[in-house]
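Two complexes are shown next, each including subunit A; its partner changes from subunit B in the first to subunit C in the second.
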Partner chain A sequence: MPKTLTIVLMSGYQENEDALFAVGLARAVLKAGHRVNMFLFGNAVNMANKEKPIKGHVRISERLKSHQDTGKVGPELDELAGMGAQIATCHTNEYGRGTEAEDYRSGVQWGDVGETVIRFLLTTNVLLSIRH
Partner chain B sequence: MIGSACLIITRPKGEEISTHGIRTAWAMFASAIESHLLFLDDGVFSALGNPCYDTQLMRDYLREGGVASCCREDLESRGLTEEQLIEGINVIDQDQIPEIIENNEGVLTF
Partner chain C sequence: MLLLINKTNPGLLQRISRLAGDEDPDVLLVGDGVFYGSDFMVEKLRAIGVEEVYASKPCLETRQVKLSDKCVVVGYDEMVPLIMDEHEKTICP
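Take a look at the complex of A and B:
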């Protein structure tokens, strides 16, 4: 019988590899036929929004750009949502970062600790926090 | 369903993550999901009643019946005393921690 994993992710792009690990774990759990909820908390909310195209010349070496692109897991969140994951972000943390009301990625939903985390817990079998 | 959770706070006041933990405990408690806030390591600094949002939320949580504990050994190793804690926080010995974790269906670390 499928089980549900809820991940509370509290790290964002680049600062460490927590997001890479969380996405990899979520993908593996979904492929095994289980369900995944992911709540983006703290700096993880930075991954909730659609990226804005860079204007002008990109002054980054290809080698550094390639390295940094490894950590850009935003598109992978859309992929996970397409596999059935429920991914939500904390709107109050977005407010604190000046990004509330910016367009979300297609796989990410508006969320709140009081509503979304509780809703996730009601159907969760395994709870995991990922942070530094 | 997760019907109870232990929320471990390991970071001090001023680090956003400690606020996340306290907010989550409050949200769970308000939704009738049993929660036990556990202040460990540098998280004990978040239990001191510093004048801030976290302390206001902690006082509401404790006043309404929420449960919170602080590790004695972590307090003492930082030169802190029980008297400095927000009123209502229990002080426990390190060897009591496993039982608290075992008695909850889920654990979140902040």
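Take a look at the complex of A and C:
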């Protein structure tokens, strides 16, 4: 019988591998026929928005750029949403980072702790909070 | 109980003991947590009551870790039943 996994992800993709793990696990869980909710919290909210081209001179080397880009999981969040995952971000955490009201990726929805997380929890069988 | 270990931390063994209480937990090593898959650390985990030690295949592939033969290597597909069915709760300490 299908179950629902809710992942609360608290790290951004540049800090550690938690985002990569969350995406890999979510994809496998969806493929197995279960449902997935994902709530982006803390620095994970930085993955919620559409990427904007950097204005001005970019000083990063190609090698370092390639390394940084490896962990970018934004497009994978869109893919997960296309597979049926519900992905929402915390607007309060976005406000604290100056990104509230920026355009969201197609797979990510506005969210908050008071309503979105509660809505997720009401249908959750397995809760996994991933933090460092 | 399944404990998701995603980092190395000097207080980890104490934290596991505190979280597990009377239970004998299983452990899933991911990210830098796979460094706890050595013979030395698996013995330490066993000594505080940890039963099964699973280690993430994709995370092992990016690190040179000499894994204990007491660890079970699992891919994402094999983590699904561990997290969704076989354990009542999964905690990331």
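FYI, the second predicted complex is superposed on the first by the 129 of 132 C-alpha atoms of A that agree within 3 Å, B and C clash if a C-alpha of one lies under 4 Å from a C-alpha of the other, contacts with A are read in each partner's own complex, and residues count from 1 in each chain.
In the analysis below, contacts are C-beta pairs under 8 Å (C-beta built on N, C-alpha and C of every residue); 3 or more make two chains touch, one makes a residue touch a chain.
Keep in mind that this is a model prediction, so the values were computed, not measured.
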**Request:** Based on the superposed arrangement, let me know which partner A:D18 touches: subunit B (first), subunit C (second), both, or neither?
**Result:** second
**Prompt:** Of the partners subunit B and subunit C, which touch A:L121 in the superposed model: first, second, both, neither?
**Reply:** first
**Request:** Give one of first, second, both or neither to describe whether A:K3 is in contact with subunit B, with subunit C, with both, or with none.
**Result:** second
**Request:** Answer with first, second, both or neither: which of subunit B and subunit C does A:R131 touch in the superposed model?
**Result:** both
**Prompt:** Looking at the overlay, what does A:P75 touch: subunit B (first), subunit C (second), both, or neither?
**Reply:** neither
**Request:** State whether A:A28 touches subunit B only (first), subunit C only (second), both chains, or neither.
**Result:** second
**subunit B and subunit C footprints on subunit A, overlapping residues** = 125-127, 129, 131
**Asked** What residues of subunit A sit close enough to touch subunit C in their complex?
**Response** 3, 5, 16-18, 21, 24-25, 27-29, 31-32, 34, 125-132
**Item:** Of all residues in subunit B, those that touch subunit A in their complex
**Value:** 1-2, 5, 16-17, 20, 23-24, 27-28, 30-31, 33, 105-110
**Complete:** As the complex stands, subunit C meets subunit A at residues 4, 6-7, 30-32, 56, 58-59, 75-77, 79-81, 83-85, 89-92
**Request:** Over in the complex, which subunit A residues touch subunit B? Could you list them?
**Result:** 6, 8, 10, 41-42, 93, 96, 113-114, 117-118, 121-127, 129, 131
